[in-house]
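Given below, in the form of structure tokens, are the structures.
In what comes next, subunit A is part of two complexes: it sits with subunit B in the first one and with subunit C in the second one.
After this line comes the complex of A and B, so read on.
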């Protein structure tokens, strides 16, 4: 990031300096800015910031300047800003503890985005950063008063205090909601672009420290397609902020990854592992999008997240100025930021020892080194709430310091292994959990597994990468063998690669979790070791119960920092070992995921008919009918009804489901899936059919025409086409596999339009002059193949959903618009006008034609529809027949069974809403409901269809309709479903 | 400079579905289920050469169904000659071409574009040239045939076919998915 070849960018011209605050800090290594606790150091070898690229941003309204490569955190500390946030419950002043993604004190508001992890998010020009959940400011937060009554706000306080009286809970809730943590969201914020992608790598390596990088290289060298995923913005893990030699190792591995074509994703997280290595990867670094969710199906997963440095529990451990050794290394070596002026270091390992060297190299005075390996300990951090001033040691001495560096051990983030079914086990000598039983295609390596020299670590990682590739190759072989489209496998199945990796285990390490004093365990949730001990004493002494009762491990850090300390404190309280207590189960996500990423790109398919553009340009009001976009009406649906009844109308019915049926067993299939008979359907004839499921419930309906001896065209409802297709295939493939029937969905092969109205015959005669339309030769429920408007192979049906004389014309879809336009051209003098779905629904209701799904529900059996003899119970077999025989189709049906009836409100002006309840007059007994209702332009009154108890179905029966405004009106059952033309004179004319 | 990835919207070609229930007649065509073959059309009498795009694809779309994919005239001509062959008298032909929207996506990033909107594995091992597969693309049921060189060149190429009514929606999805790869968009004349 510090290449000398980069020009000095003119963007600096836009930066205005804040008086008294040097832009870039000292130009040489050494002391920081005078008078400031934290600040920018001089240039350091290996720093990741670019000093020639300043970035201006604002913190709580104040202009500040950082550098390219800075995180928000490093930029704030470089500007001597230490007080970043307030804790969740007690609003205690907080500053950076780990200075990385997991830092529990780092959440800030950036613009209108809340809960941004400031120690992870890179600084960007113009960022508006502010503290969140504070009032009036982070320096003077009124809610810090909670701390004064902290002793009463122990775990379970809310559960116990607000549980009664229950009636007051809504009031409690309103008040408590004002204390909810987190930033603020502007509901007007535009939804950013969240991308999605699928991937099928052979090997995914989670974690790109030295082990992960080495495993990825080894797997790629073995021939695997590898995806390497790194949580941080750059590769290298802990070596990224190491010495020159360590950084050289990282650079060399990076070159190898590049040479081998490994796909590398930085600032990305494997957030979850599911069945068969289905991985959710949240990529935050993809250009042009906010985030991208990658759904990867990996044949092998290598888990190499490294280790997470664990905080230490002692009095005052959350005071600003207390931080981990990793934070010190990151801030000084990576961002050239001095974390303090005078430090005490509590060390139990080499990282703590190294922190001493790093601090000294940055000019920080190391006032004392407390070596835990020699019995040293820190028992308390003292000073005012916002600042560390003294560190108290276990020998009673106090050391003045503004920085306390902690290096007491690690947590092994075994989350992805947990998700694969592994249960980590406690390694007593190493004082941390390690992976449990080895899994076949989920392999751990790196610090998660053990310690040792860098060479030993890389050897283990290399072997792990090879093993992962070998096992992936076997999976790949099996996949190809069993997938018809795949490239044929060559040779026999390769042998199962055995796990011959070198032994690798944690080095001995002192077991340090809590000092002799109590302190904060979960910094995110403000849960102290006292809380945990008290909860255990109350009986919450199982770690899973304790977790839920106290909320320890359930905050934004998701247990990465606090799980082991929680377990250790509980073990101490129970007088048992950590091994006996066990640990909690880590579930997805590994790290919090934004809701936007989970939603991803929204795929909402829509379907358009071939005449869609015409509708749009002719004023149609669109209607979303399932996935179809249809013309609801063209301005006045009532007028469309009147015109169709008087002249002729045309409607686009392309969404109608259609299936081409061929083969010698088509009739058998129709007899099976429909409740009526099909054996004697002549060529050119059409028959209406009702389809039921096994339980006799109406599933779909439609007409089927026999176009030729061996060719049928079956139609379904618009929304039911896909289900009917699957239904027929299911019966053919699983129940009647020997039947020779081919079912081809052809819904989109035809553009469909219906010419309806008394002048429709005249119109069609102009469009199809060669087609004999005389009623005696082309009667109702007949079908013909004809040339229409010069287009051959059109299917012309004489059917009538609207109750009018009408012809439905199915045209090859690519000619649909042409025929539609021709009809309009030829029908002008006949008063032809288009009508939409609403007018169609009115007319079908006038005619009493029901709609499956509107007038039926999931319990409506065919016998309830008043279909009479259409339901052929004397057929040898059909789907749902046994149930229909039992249920009956006529008067023998039980009086409580609902049936479909037509109703007319006594007051013709009142149109009850659909779904209004029907009551027995004078009572509150519900006896049915309205299923369809409209004001009929033809009859000038309200009309309805509804379902009512069978004993109330006789014509003339009065029922009460309960309107949605509470009024009750009377409606009378009609003799026929049809309110208009019950004899079908117009239809058959 | 590498060749661009090109999305040809509404490729002007469509399938004719041949269905043979309970027959092994398709074995004679040498195209197995989930596989396809590019068919070179011999120049007719008096013709010297054929333009690119005059190829046809024969694809085993489903176990009992093959598709002849190409321009309408070529497809009908091939079916005309096939239907006269012994054994084909029980084969049903359904002209699907008016009801299918076809897209041709070809170039070095073609697989990457598909990765954004389809969950299948588009690697060489799992979906090699000639593979035919049914899959959801942006939640739309599609039939996809990998036909490298269909419109020339040797880069990976895919014929993506969906129900015509989904065509405009899928077109928008493909264009959107291709944006980050700089995919060139070419439109053919097939309307809506």
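After this line comes the complex of A and C, so read on.
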């Protein structure tokens, strides 16, 4: 955020306030005849602005004053600012067309926020508003020259022109990027707080015009819990800007909603409807957060978004001064803003007729009314690029005017119905697509369904609300009583109410889509009817292809204004009816959603071991490992390796997955899920095992100790714990349901630490003086239950992932830190130091121990790991066994099958990056890859594990490593996976 | 998001469960031919219609169950826990 874009409180000292007198009224007379084209009118009875509350803001650096309640758009027009934006491709000057959320010409930059819809966003004190996609200014824009070469910039121009030669694309891209619209993003914008909420209403009503409000009232009266969601900042829909009687209807419905306790969300949008009425609601009006994403599971959804007025296609239809009748009503009645001084009205319906009255009431001269019902039509808008001067009618006459009001029909935004599977059908008489067959729990009402009188509309809405509530009651009952236990206490099901709503359909009116001239169809994307006709001639004559080729309906308006006109122009080009051409289907979101709202709060937990605070205060560098935060190292991982190998080290291994297994069939389970043999595991012994899936691919590994006759502790990889738990349950529940084994996840029941190094026995003897540590009696791969540092019931086993003599101690979690601290206290004179994950990874690589998922991949079978006889193929059954038998474990494997090998680069200084390719020497044939590599502090050279095809796996074979910088170096396959101490003298010591 | 009818927990968001896939029976590991085994591993019927499939209620009861789902309408019917008898079809 730049310093001058920071919001400031308006200084009112310079604004003279006269109580009771409108601050920004007209300067000369109530007619606003002040020499300006647009401006503020005298007080209107239904205006939504507060004349006692001026708001100061800036437009392109100029100080302006608007009123509380203004949108940015109404404030700009009140200040006689008409030129708002430049069109995307030709940079044509543009002003407001619909003056509502869907206005294609309304996008502005507000401070650090691009693409703000200025006819929807309310004015706030200190707003820094500026035009976007212009250079150097909206008044003088150099790229408007695109308009001069417009005939070369037809549909598909970019696809066709910049595709060759391919090598120049990066250069093209750099230049084209400067033409892309969209304002500017400030990467230093501070983070805002976005929230999420989960809700389970019975009925959600999307749209709070008269129909939506009535449906919500009816549903609530029928006993449903109702949430009413309105996209605009206030309730009332098209009545909000109507006459006094209409506004009284809205006020009455508002009182009913209050009385019934309906939850009302304004400036909020139902952006998507998903399976089983799972709704995404973007709430922009929450006082405490920037935006809130509400995930609502509604039993019924009432869709009542109203209608969107459709523009008309003719020459010059995007000239400033051409507006829809809805824009005129909204600007004059709502914001007391004069949209022009001398108007021509093209009307095909009652809204156009009303617009004439509204204009006259505001003192705008109506120069001509062109009635399409009587055969009248508008052919062209004339004047310089930035201003309307004359309107040409189909009788050849020209009328001088600065405002052309269009009222030729509507688009029904069936988006939420489409998302529920409904396919709109074309209604010929009403010249629009309407909802198709009714869905069970997604019900449309209001203008979306039909026109008629206000009473008919409210009757339909009331019946819809009742129906939604009745069907929600049955769904709710079924949800609550769906389990076997609940059914036992189930009351009778409420009946399924039939759809007995009154008939409701669009009123017939003339179908006007395109005049005899060509003009803009998609204002956001600068796609004209001429472009569409040309594209259809080129063969893009299905609406889905046409849309993608020309990008019509793919801009910020997303088809809300231009879909039906696009279809109509295509139908005309194909010589077919609109019904035959069909329409595109709206997908989520209904209106744009900010990325912040989608990202919102994150509910993913982060896990920390009981010793986490100690690591943090002792200089650990954190490592994010799955959901765990672990110490990567404490400053110098190589030194940690050296110290562990020569003295003793301690590492926190609490994230290791741990399961307590009990029951008579544990051995059977282990035999099934591990490829090795388990039946002979004695009490007090520990065994390493490899787990495969049924395709023979390695899935997890770990050690399991037998603590008592029927009690085992099984460990998994840190990241595999959840999956292994589920895996064991799967086999027990579905394939072997008679086996008696209880699998209890105990990962966070224990804090786990590993004491590793030649002096680890000495250290443990001090911590557990009663435990017999003599190697003859507590050997490698043995387990004991012991008291360690005064803590009873610790599990201690001797294993050796690092290749050192080591004891892994599992301590009841709440005593973990205490035992960790005791170990450190007792190990001072032994040179004890903590080591982190990185040092452990180096040591395991020195020892040649693979990591599942690092050294193996989704195709690595157990036979590829050089495990020898550990893979027991003579068992009757284990998961993956058939594939392992067919794959083989040794020399019999196919020469192209990969297998795991240890490698050392000839040059000991070179550490190839992990994932570097291995090549057959002297060729470019890829024969494998490096899977792990490190500089070994112990050996003073680089060491690797890798996968290579089996016929190149014999010890001494030279392969070429292709380094990331392109160099090729030689590496030699080693005889043993372990680079260090292959005989295992140290860990068995 | 789908509402999946867990026989124990009732309807749950599908994100609370894991979709295991079409319910398939595992051939006898000792006698299966590679063709037979790989059909079990990789081949699924993928109908546009009713499909018997397995779900795991990972955040609820931690039970695996089978249920029939219509793949075109996402309707569910007759959820069954292994070992139980299926209910009469709705």
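The rule is simple: the second predicted complex is superposed on the first by the 900 of 989 C-alpha atoms of A that agree within 3 Å, B and C clash if a C-alpha of one lies under 4 Å from a C-alpha of the other, contacts with A are read in each partner's own complex, and residues count from 1 in each chain.
Operating definition for what follows: a residue touches a chain if its C-beta (ideal position, glycine included) is under 8 Å from a C-beta of that chain, and two chains touch if they have at least 3 such contacts.
It should be emphasised that the depicted structure is a prediction, and the values quoted were computed from it without experimental measurement.
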Contact-wise, after the overlay, does A:276 reach subunit B, subunit C, both or neither (first, second, both, neither)? second
What is the contact status of A:612 with respect to subunit B (first) and subunit C (second): first, second, both, or neither? first
Does the superposition put A:817 against subunit B (first), subunit C (second), both, or neither? first
Between subunit B (first) and subunit C (second), which does A:357 come into contact with in this model arrangement: first, second, both, or neither? neither
Pick one for A:886: touches subunit B only (first), subunit C only (second), both, or neither. second
Looking at A:825, would you say it contacts subunit B, subunit C, both, or neither? Reply first, second, both or neither. neither
A:479 in the overlay: touching subunit B, subunit C, both, or neither? Say first, second, both or neither. both
Look at the residues of subunit A and decide whether subunit B or subunit C touches more of them. B
Do any residues of subunit A touch both subunit B and subunit C, and if so, which are they? 297, 479-480, 483-484, 486
Using the touch definition from the top, list the residues of subunit B that touch subunit A in their complex. 17, 19, 21-22, 32-35, 64-65, 92, 94-100, 115-128, 131-133, 138-140, 163-170, 173, 176, 180, 190-192
Residue positions on subunit A within touch of subunit C in the complex are 274-276, 278, 297, 479-480, 482-484, 486, 694-695, 726, 729-730, 733-735, 737, 876-878, 881-883, 886
Contacts from subunit C onto subunit A in the complex sit at residues 1-3, 5-11, 13, 18, 20, 26, 29-30, 32, 34, 37, 40-41, 54, 56, 58, 62-64, 74, 82-83
Contacting residues of subunit A [partner subunit B, same complex]: 195-200, 225, 287-288, 295, 297, 476, 479-480, 483-487, 601, 603-610, 612-613, 628, 654-655, 660, 662-663, 710, 738, 740-742, 744-750, 812-815, 817
